[in-house]
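One structure coming up, written as structure tokens, with questions to follow.
Naming follows writing order (A, B, C, D and E), and every chain is counted from residue 1.
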Amino acid sequence: MAVAALEQEILSMRKRRQLYSLIGLLLVVAVLVSGYSKSNSMNSGGFIQGLSKFFDYPGEIVVEAFEAGPAFFSLMLQFVPAMLETLNIAAVATLLGGAMAVVLAMASTRNVDSWGPLIPVVRRIMDITRAFPELIIALFLIFVLGSSPVPAMIAVAFHTAGALGKLFSEVNENIDRKPIEGLSACGASWLQRIRFAVLPQVAPNYLSYFLLRLEINVRASAILGFVGAGGIGQELRRTIGWGKGAGDETAAIFVLLFITIMAIDQLSSYLRGKLVGSGRAH
Amino acid sequence: MTVDTLETPVTQALVWNQVRRRAWLTVVVPLAIFTYLVYTWFAFGVPELLSRAQPERAVILATDSVAYKVHVTKSFRDNEFEVAIEGERTATYDNAKVPDWVQLSGENGVVDLGDGYRVEIDGRTALFTIPGYGVVEGTATADGVETVLPAGPAPDWIKIDPRKLDVRPTLDRRLQVTKTKIEVHNYFGGWENFWFPFRSPLYGMSFSQLYALALSSDRMDPETSNIWFIVNEFLENPDWQHGKVLTALFETIMMAVLGTLTAAFFGLPLAFLAARNFTPSKLLRFGTRRLFDFLRGIDMLIWSLIFIRAFGLGPLTGALAIAFTDTGSLGKLFSEALENIDNKQVEGVRATGANQIQRYRYGVIPQILPVFVSQVLYYLESNTRSATVIGALGAGGIGLLLVETMKTSRDWENTSYIIILTIIVVILMDQTSGWLRRKLIEGK
Amino acid sequence: AEITEFRIGLLGGENASDRLRANECLREKTEELLGVPTKLFAPADYNGVIEGLLGGNLDMAWLGASGYAKVFLTDPEAVEPVLVKVNNDGSYGYYSIGFARVDSEINSLEDMKGKTFGFGDPNSTSGYLIPSIEIPKLGYSMKPGEYFSDVVFTGGHEQTIVAVFNGDIAGGVTWADGLGEWEDGYNSGALRKATDAGLVDMTEIKEIWRSPVIPEGPVVLSKKLPDDIKAKMTELMANLVKEDKECGYGVMAGEARGFEPITHAAYESIVAARKAKSE
Amino acid sequence: MSFFCNGPVALVAQHDEHNGQGWRVIQFQEVTKTFGSRTAVNKVSFNIEKPQMVGIIGRSGAGKSTLLRMINRLTPASAGQILFDGRDILSLKGGMMRRWQRDCAMVFQQFNLVPRLDVVTNVMLGRLNGHGTLKSLFNIFSQEDVNSALGALDRLGIAQEATKRAEELSGGQQQRVAIARALMQDPHMILADEPIASLDPMNAKIVMDALREIHERDNKIVICNLHTLDTARTYCDRVIGMRDGFLVFDGAPEALTTAVAREIYGADESFNEAATSTAIDAGQSGSRESAGAMTPAAAAV
Amino acid sequence: MSFFCNGPVALVAQHDEHNGQGWRVIQFQEVTKTFGSRTAVNKVSFNIEKPQMVGIIGRSGAGKSTLLRMINRLTPASAGQILFDGRDILSLKGGMMRRWQRDCAMVFQQFNLVPRLDVVTNVMLGRLNGHGTLKSLFNIFSQEDVNSALGALDRLGIAQEATKRAEELSGGQQQRVAIARALMQDPHMILADEPIASLDPMNAKIVMDALREIHERDNKIVICNLHTLDTARTYCDRVIGMRDGFLVFDGAPEALTTAVAREIYGADESFNEAATSTAIDAGQSGSRESAGAMTPAAAAV
């Protein structure tokens, strides 16, 4: 029997694998150690010295917020319109980007019978749209369209299309083809198969990615405010920039932003639970 | 056809209602979304924005990013001519060696813009010959500009103002006259001076020449070998600053790699604390989850702004900001993955009499490893992008370079250069992480 | 006390790599003088340098007046002002300039009623602090919706200029030395830079307001530095133009007579103004 | 063994159109399917001339599924023809092909329902082929569709489950939903690919009874891949045996002796149906003394 | 029916230690498991006094899996005792309990392998109990472990697949890997929870043969949940029937008549094993004329 030979093969394979794992581990450690020491020396401050000052700035904000007392809540209220604007930017961008992403995903997955020649083309398109940081597009559009929420929205939507498109197509990759076959066998057309065999399967995952993206996009939209796209980010830039004296406002914005993200997060897991959870009877 | 059982009987009407309600929902949800979009269309003032949009800026920007212009300037302050690429001090031609489409003789000069377009500068007067239209004459006076046009209505590519004359008959030819100077712009395609600075001895050499030079033992600079000399000249190019750009790019990648790895390193153990099936204590779980929310909820950028006070400026700040935020994101993802593991495998290992740690090692880790690796790699790619953003607004790196070239609108080709590099790096990171993912998860 | 390195912060507003290049000579001189490694840091906005100084992560910087006030107000023990830039004509000041589009038929603040007004960076003296104090003195409230329909921050001098030029906002403020011709964007300042970059056409905008003269910001040193280092650096900076004209041009972003000593007293009024704003 | 042919069986004379009862003939002519170098179905020819219930048996990989999938056009054939009513259904394209798919309903081993949709919608999906795309995209079905779907479900005894999600049902119920969907298509024939392989004995019986009932009442062809011989024997009018892609047996269920079965399954003498799931003779497993499968004896506690 | 008891069966006199051949007795004493208000296993008592191959049958939900899982301590019992060698294994804790788990290897319906690990590692996992934590953390196994794992795989005829990932194997192969893992534990007994329910007939036979062979050669107890009666009849020395948590039958396979089976499965007269997968009497399905399951007849092509 060739078992003896097999044994040798297995032993050497295991050794090799252990060696690879060791090398991989050492590599990661090396990257971490050298990277941190390099960036520590490139920074104007150091990590060790910095730790003692870690709470200086947060402390400053907290103290001011505390001193503001009950007025803090009215400060928060005062920023609600800006927060809503940011939310709107994020929501519209996610909706538009998400819709694009669905189209892109359906056109680029073999598993849902996308048209073959189109697949690599659409995939490259997604790679490129995904690679563009929102900031670049936003700055460019602000240059052309002027300061307003719209450039931020387009920028975020553009990026979202690529990012979600990729995730969606990965979801498509993993669906059960049986229902598709079932519908093919009934003589359903491609669109009908997508609608009834693919969408119901992917909807919970799509929705959960969508909501996850919404959360990311709220933050992205807030940040684009820093470069002139309006919303809460613009306010935040002002208050952070002003520093002492505006710490209570900064804190109010942080809290508002945090609450919003939390709310979206909770909503997202609630909706996901509702969509995926109830189907788990067996 | 009602079938009677103890449960509420399913009747035709009931089913029909349910089907109709579902159909109604499928119609109403898209409609609601559409209505919302229409609302925001007006709330954001899109129509007004579109009316104010300046598409020509996009055109300028697009052409400028693939073209460069040479300024021929006559300044009346010192009555001197200056020929410079993009009007930059570092790329000024020696007045004895100006390009052959410029002829200078003391006070006067002739600029041949090709296809019959010509500008003659005579003292304080510029004569612009435009084929098919005639000659536009602009004279700088003590308090403005005097313009003489051919008869007939002025075309819209001529802007006449008592203080300034601006003539741009084609996109790539332009004359401006003010009381202080006469300036002619001649546009050319490509990225001028990309490889070597204007004054470098290597300027204008072809690749084969460079190759030969690199191998030759005649040293351009007695101090270093030719190879190094060439590399150095390239990196030190003052217009394109390749060296600075590459360093910045490296900083950005370093931020992303360090931040992501650190986040993964802390996120994984914390995830166990947040997973229902691993941590029975509700309080601990709740605490860990809220910690994740907190870390994630405050954006990376804000973390980096907060960290500047403690750690100063530089990539460390960026890396820590990424690490903080993504400990939250990855921790949350991992804990979800942990909650979704297939218990069969754990049970199989458990039934052999394995202890807790062994069960984790063989029943749990192999299951979440793919999620772990793929999420970490995914975040690595996404953080490369984020690092440009937080860099732009705080931590440095390629993002800072980008925003500053963009903000000062100095040269769109520099901006495009940085954008292209950034995108190439992000795509490379994306492909590498995809490759690694496939290799680590499917391969072996 | 000994130091192991010396860190210089460069204020935002210009291309980072240009700033680094222009200050490279200063870095070399410092390294030579102090005998320790010297690094330059060029963050994106005013706040980066300010935070660096506050955290003790920068040793020297050249601040704007309002920026200095912020550092002082946050932590009076962080830095001390030592020098100020003096122009060729002996003055050390510049102006905040309000401007609007020619075709908007706005000729003064009087015509801005019900229109949008734009500031630049909140830490800018000319782009925010001074106009936000001086303009209300003339009777035009700076509260959004009271006199102006809205008051926004564009983020920086360039953005203000572009926003006004594009018509996104009706008017805004930026800085200039007020010398030379309007058509050139004056001799120096943000308008000049924007003109040189081809961002705006000065003939399409016009000046509608000008502030009283604003003092140049100080060169500051961290108070934690040993006295001998402070003395050495002050001397180096003070003699920069004399000893190396080219380097001085780069560090001071143009021609100037040089740096001259100054103390905190010169900025009392700005500090007070900023403090009043914070309340 | 004379009744085995290792190549294609001889072609039966072709009938021209319908037979007496308005029935159409379906003819397989050297139908072949190759996957790369592997021939899954090898020149299979046979006819079905009256509404029979046909069972196809054969070991795993024999080509049973592939054959059925070729009929429904889920898998393209490599060579050969399948004539229905004289028309080659393998050359149909686009809408015509989908029309044909509607006409030969398929029932799968894994049911292939859409698990997250409710039962009645799943059944109504059988009508998609007749619907406009836009209408179906918005999930709009007519009341008539709902009624016939409920009718089909009722016929299979699961109308009560109509509003549940398909995934909430047991395997047997799901398979009945799949059959209801097939009925909804109002097909000429029903193809069932191991319809009971994932079911427990009780449910398997219910499902097979349902298929038989449809065959008998509606007079439809039912072609059924089976992996248990006795099921084929019990329910089918005709059994086709496949081995390595070839049709190796075609005859009445009575002709399916143990020896024949061994031949079809390519098993040697030690192969014992009884040991697993079929029932021909008393099982003698390895060294065991007596399994007594056939001889009920008194049980003692 | 005298041989049915709807409560616990009477306790058999307890043997003190090993029996003649050094064999140890295993005793179930009123073993009970409740999930909330549902009693999955209800006061089950029986003894195994010699290395038997025991089959447990009963319909879905009867409590078969729960019983097995209690033995292996995967599910904690609610009441009762299981004595092995006189020691109550239900009260073992920590290392002792894990030691016991190693001694009674478990084989699952879904194999419960670690799909992403290679086959040989999966098998070696059976040795985890003997290993130091640190060593196993770094996936370090000795050459001897590799050797015995290969031996076990070879015995089950799948040594060739040793380097593949478990997920790449077919169901039957995976189940054999699971059995090899069980062998690797060198257990006193093997518990198999529907080991062939996800397998096709051929693979099912291979797996059952392997279990039988282990039982016979190594003289180990094998307790096997089964859902097909004839498998139990063919392979087991003793069959235990469960219904609704109660032990309702315990006897030789010969005692398992159709009537008994009906009683265990709670099925009425219309329940017909032959139609699906077992083999007691000739199946008469609904309206069909004759299935001829028991009467092999000449086949015609």
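Heads up, the rule we're going with is that a contact is a pair of C-beta atoms (placed from the backbone, for glycine too) under 8 Å apart; a residue touches a chain by one contact, two chains touch by 3 or more.
None of the values given here were measured: they were computed from a predicted structure.
The set of chains in contact with chain C as well as chain D comprises A, B. Between chain C and chain E, the least number of touching-chain steps is 2.
Remark: among chain pairs A-D and A-E, A-D carries the greater number of C-beta contacts. Relative to the centroid of every protein C-alpha atom shown, the closest chain centre, again from C-alpha atoms, is found for A. Mean C-alpha position of chain B lies 27 Å from that of chain C.
We define each chain's centre as the mean of its Cα atoms; on that basis chain B and chain D are separated by 59 Å.
Centre to centre, using the average C-alpha position, chain A and chain C are separated by 37 Å.
Distance between chain centres (mean CA atoms), chain D to chain E: 33 Å.
Chain D has residues 121 in contact with two or more other chains.
In chain A, 43-45, 50, 53, 56-57, 143, 146, 148, 226-227, 240 are the positions where the chain touches two or more neighbouring chains simultaneously. Residue positions of chain C with contacts to 2 or more other chains are 7, 9, 41, 45, 47, 51-52, 54-55, 57-58, 159, 162, 166-168.
By the contact rule set out at the top, the touching chain pairs are A-B, A-C, A-D, A-E, B-C, B-D, B-E, D-E.
On the chain B side of its complex with chain C, the touching residues are 52, 54, 87, 161, 163-164, 166, 178-180, 238, 241, 244-245, 305, 308-314, 392-394, 396, 400-401, 403-405, 407-410. Interface of chain B with chain E (complex): residues 344-345, 347-355, 357-358, 361-363, 366-367, 369-370. Those residues of chain A lying in contact with chain D across their complex are 176, 178-179, 181-189, 191-192, 195-197, 200-201, 203-204, 278-279, 281-282. Of all residues in chain E, those touching chain D in their complex are 3-5, 9, 59-60, 196, 200-202, 204-205, 208-209, 212-213, 216, 227-228, 230-231, 233-235, 249-260, 265, 267, 271-280, 283, 285-288, 290-301.
Of all residues in chain B, those touching chain D in their complex are 1, 3, 5, 7, 9-10, 12, 14-16, 18-19, 22-23, 25-27.
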